[in-house]
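Per-chain residue numbering starts at 1, and chain names A, B, C and D are given in the order in which the chains are listed.
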Amino acid sequence: MVTLKIDDKQVQVPEDTSILKAAEKAGIWIPTLCYSELFEPYGVCRLCVVEAVRGKRSRVVTSCNYPVREGINVLTNSPKIQWIRKTILELMLARWPNVKVVKDLARDVGVEKPRFVSLQRDEAEDACILCGKCVSVCREVVQANVLGFAYRGIKREIALPFGVQSEACIVCGACAHVCPTGHIKMVVEDYKGKKPEFTLGPKTAIYVPTLQAVPRVPVIDADSCIHFKTGGCEYCAKVCEPNAINFGMKDEVEEIEVGQILVATGFDIFDASAMAQYGYGTLDNVYSSLEFEMMLNSTGPTNGQVLTKDGREPRSVAIVHCIGSRDTNHHSYCSRVCCMYALKYAHLVHDRTKASIYQFYIDMRAFGKGYEEFYVRILDKGVKVIRGKVAEVVEAPPAQKDEGSLVVRCEDTLAGKLLEIPVDMVVLCNAIEARRDSDAVRRLFSISKSPDGFFLERHPKLDPTSTMTDGVYIAGCAQGPKDIPDVVAQASSAAARMLSFISKGEVEIDPVRAFVQEEYCSGCKICNSLCPYTAIEFLAEKKVSHVNEALCKGCGTCVAACPSSAMTGHGFTDAQILAELDGIMV
Amino acid sequence: MAFEPKIIGFLCNWCSYTGADLAGVSRIKSAPNVRVIRTMCSGRVDPSFILKAFQIGADGVIVMGCHLGDCHYQEGNYKTIRRIPFLKRLVKGFGIDPRRLRLEWVSASEGDRFARIVNEFTEEIRSLGPLKLQVHTELRKTIHEPVEVV
Amino acid sequence: MAKLKIEDLDRIAEEARSKMTIREGAGKARITVHMGTCGIAAGARAIMSAFLDEIKAHNIKDVIITTSGCAGLCSREPMATVEFGNQAPVKYVDLTDEKARKIFKEHVLGGKFVMEYALSVGSERIR
Amino acid sequence: MKRYRLQLMVCAGTGCVSNHSVEIKDALDREIEKHKLQNEAEVVFTGCNGFCGAGPIVVVQPDGVFYQLLKTADIPHLVEEHLLKGRPVKKLMYSPPAEKIPIPKMSDIPFFSDQTLIALRNRGMIDPEQIDDYIARGGYKGLVKALTMMTPDEVLKEIKSSGLRGRGGGGFPTGVKWESCKHAHGDIKHVICNADEGDPGAFMDRSIIEGDPHAVIEGMIIGAYAIEKVHQGYIYVRMEYPLAIKRFQIAIKQAREYGLLGENILDAGFTFDIDIRRGAGAFVCGESTALMASVEGKPGEPRAKYIHTVERGLWERPTCLNNVETWANVPQIILKGAQWFSSIGTGDVSADPWGGSKGTKVFSLAGKVNNTGLVEVPMGIPLRDIVFKIGGGIRDGKKFKAVQTGGPSGGFIPESLLDLPVDYEELTKVGSMMGSGGMVVTDEDNCMVDMARYFLAFTQAESCGKCTPCREGTKQMLDILDRISVGEGTEEDLVTLEDLSNVIVESSLCALGGSAPNPVLTTLKYFREEYEAHVKDKKCPSHTCRKLNTYSIDEKICLKLGHGCHVCVKHCPDAAIIGERKQVHYIDPAKCSKCGVCYDVCNFKAVQVA
């Protein structure tokens, strides 16, 4: 440890701390501009100069990078230091009169007007003051090495290599973040294509997904984390006391042997931009059900408030049912849940805003327990419920702009009138559709799908949770649109079914099996390689093939292929099929 | 009366048989000429069955299975897709027009497709007319004795 | 050249010795052949080459040989002055090839004056 | 081995080469061939002879006759007269401006006689591209002595007690620097020779490299041996010295062939090699940390020297950087001993290494003196002797005004201080500095404000722009001086100028910023009245700042002598001169933009400047 005096105040600090840090520890303020905790001190603005007095020799040094020495006395506010700071700030103020950080520092140090005017005067408020912070953060922290200085002397400026946007730039925004004057701006378009305000992705590279996340621990988004791009930063690891961050962890594939599988892979919502007339994706303030759900959620991007894009409370909201459902061009089936959540939206918007609410439906399907009562309560609240499929949603003409930014055109089929209603926000109830990857999943578990794309149950009425394939069960919206009570009911029934097998300990298998009549078998082994389940092995001592009854699924392919028809199968012997053939030909 | 073709259909239990069932459940009208034999997989259909069918008077035979990759037993339909084309060339030798034998993939959800194929095939066989095979009368009868099951 | 050892340095220095003495103008003896127009006419060039020949023959390194204008005694050309160490300079006159070689051996190398050819010993005073 | 009786030393320093000394040599060879003297006379190229103002130079040895300002046309006459007939040619000799009688022998010319040569001892005596010449004059003997008879510590002690200090400008005791580099921990260390020499008007390093490259190489090997764990050295030469680079490359190649560089030098078990790095022409790269950044391939920007480069320099390794002249002194100190070296110069270094200035210093004497060139003088020599004895006094009999020492970072020294002994402490005391050794003499016709502006414009343009005070401050000072020199300066400007200068000196990051204001500070201190004239009377005493002059035509001279020759009218850019041929001409002050062209073109000096 080194002991020294700063403005006659005794301070003790470890070996190679800078005077600035020591002063901070002693509660003494020293002005800085180009200094930052993030990287090595650059020591160029010279504002942090102090007098280091050792014996009778006093020396003006920059406190940000001058290591403390035993027994020196540091003067951070002597007349000489004040004189230097004032003049330097005069020089900066002469060149950048309107930059806020320069003006503030000048005011703190007591400089009103510089004695001179600079020929390189730059009136901008966000002028670059050549502090070099962006260069250091890009070189030392992000390690992308994109920014640097060009030219010399008074012509010195920050430059990109060859003055062109460099591929090395990972658009991490670190330079824009550290720039004290806001000179560097993030250009939204090429922000890797993410729409800033509604990026479903994380705000930062490391984030806690939601407050209700289980487990509630931060997770790193490898796409936007600098470390996975350039190997640099690791700042989160530096500040994490229990140093719980291990960048080496990778996704691992585990193979687990299971007896039974419950496929509950859920659903996707219909992409409303396929129906251009509703303006989703092209008009502002037209939200899909999932996006509106996020807006209502307290941990969502708007913390639960219903706001239009420019942050105002909507004066009127339109909720449109059956987007993509009950539609021959898209999905002919009804998505079953939209009516009820649409009513929920009306209820919540009514609570949280003073907006007038319009609900456009074809048939209000409030079929569940307590659903109809809820629908009546909504009607009492004064929600204008209009029976009619919305024809289109368009930008409001300038004249009507003040009543609402959008106009919903539809036909009230009960009143027989065409309506044009100006609204500030439109919420679409997107259809529920099979997951986009359902075909691949289906093939994986060798289960088949029904015409609407959801997985096919063994029997629609008697056995909705299991599938044609033994041991594979389905539950939830993977089997078809349903709301939470139904999903819970189906899932528990599937679980109960599976548990019953597990508790029994043995599995009944169909009697349909192939077996080898050894006296006929010539040991030609054609069937061995045929079986997809490798159920047929060759008994070397007997020189005949043998079927492993547990593995055989009974498809009969080997029976058909056996040249000496030594292979036959219970339930599907040749004779039975020939007899069947004979019978139906009569 | 008009020639009513007799068509044998070998349907695989998981896909085409279920598809046919769906067509029925969906009340889809289709020609009644196809008489169906259900096998666990289209791979179980032994070419000798098809020859026997022609032998005992079938005017057309159609084998249906799951789409490639959908087979409940992974590879059953791959074996079928090899056997049936061979068989088509073989039957030409017996003087049977190869068009009388057909292979189609029908999945469990394609009820309408099943009906369409059946109608189509029936018309095709009707246009080909009855299949007059000179078959030794003795062989016309099938072998009835059951084989003891061990 | 192969890599040097320490003793090689001295060898190289020795070889270039003669050049250096000339450049430093500090030789053991100095022969000045008077090559004024009359001198050259009288054959001073031959005397010069004789002296050079002797230097090469005896591989002498520290003798400086220069020319100067007419010494004023044109009738006794070709003439040469020899200064040995800090002894007084001696002017030799009516030189011929073999006279020059004799002077070289006895005076320049031996340091003894060759009186029979000498005109005078010592040099004029320059005001 | 040919036996020659004559050696013609032709100066081939950059100055003389640009003055066609190569053609001079060819002419000499031709003429010698003609007179069949090729076995008797050898023509040799040497490095810079030192008396650059008198180039092209040939010195005929052994006679020691010095010929100057030669033209190829003089050569036939010279060869016939001097080489053949032995009669030195008087009209080609140097004659001091005062007496006008030629001095044949080089050693008698005051320019040379008053100098004491250590770093330049081989100048004009050896062919820099022949290592044998260097060895013949005692080259590498110092290295042999160090490697075989002295331990590294003894070598270091010798340098330390010799009192040798940095010749680059800082004057840091070389022994102390070597010692701290030796004790710095690190297994790989480096030595660097700083041959960047960015000062305008300074060319002593260049002539040392061109004249005697091996002296530097030997010095660096000895240094590396003394500091230990040094096996790789660098010479940082600026691109603007192509001849110097070429001479260094040849010297290094020859040294490697002779086993004086590379693996196991002279079988003494010491390995050391040198590479050349070229500077891209930034004056700031003369500063040690900026130089090292440049060698590392980074842009040449200095860093704070709170941790000295001897502890953490090139690639974070301990590095000892010295100037060309410092390295060139080392072999002689080792060979002739510290006592011999410390006997020359001022002060006493036995107790405190900063206690005195020992040995000699090479100055590049330029400006308004008669003898301009390289001058190596013992420390402590009075400034007056350099300017008036060696320099031969002020040209054209003008009156001396001031001498600027230390290049753009140095200051101006007025006549009143001319007798001050030249050494580190004295020069710094009067506000100037030893610096690299640039010495520019100014006379009555030089305007101090303009001189200060010239040097500040240089340092401002060369500022790397990294730290605020130097980047912004020097530009601000330059703008003020610009305003003053066009008559828009105010009294308050002078106060700001001085204040700004001191802030920049105190708070700049490196020595460039720290010394850039010196010319302004010293001119303000010693020649305040000139600034006052520019500001108050809007007049420039020496008429250099043209915008402050008023030009008028003296009718009598114009008519009587020039007969209205009308030349000035033709050249005047603003058509401000009225008058027909053969009549008096008259300048209309309204239109005159004070460019001063008429003053320059008028052959009869009819144009008067007030």
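Operating definition for what follows: a contact is a pair of C-beta atoms (placed from the backbone, for glycine too) under 8 Å apart; a residue touches a chain by one contact, two chains touch by 3 or more.
Quick caveat, the model's predicted, so the values are computed rather than measured.
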item	value
Chain centre separation in whole Å, for chain D relative to chain C (CA means)	41
For chain B paired with chain D, centre-to-centre distance based on mean C-alpha positions, whole Å	108
Distance between the centres, which are taken as Cα means, of chain B and chain A, whole angstrom	52
Whole-Å gap between the CA centroids of chain A and chain D	68
Pairwise touch network: line, ring, star, complete, or other	line
Set of all touching chain pairs, with the criterion as stated earlier	A-B, A-D, C-D
Interface residues, chain B side, partner chain A - complex	6, 8, 14-15, 18, 35, 37, 39-41, 43-49, 52-53, 56-58, 66, 69-76, 79, 83, 107-109, 142-144, 146-147, 149-150
Interfacial residue positions of chain C with respect to chain D in the complex	1-6, 8-9, 12-13, 15-25, 27, 32-37, 40, 48, 52, 55-56, 64-69
For the chain D and chain C complex, residues of the former touching the latter	1, 3-7, 9, 39-40, 42, 61-64, 83-87, 125, 132-133, 135-138, 140-141, 144, 148, 257-260, 266-268
Residues on chain A engaged by chain D in the complex (per definition of touch)	43-47, 49, 60-62, 65-67, 80, 83-84, 87-88, 91-92, 94-95, 115-116, 118-120, 130, 132, 148-149, 151-156
Chain D residues within the chain A interface of the complex	282, 284, 299, 301, 303-304, 306-307, 460-469, 471-473, 475-476, 479-480, 492, 496, 499-500, 503, 506-509
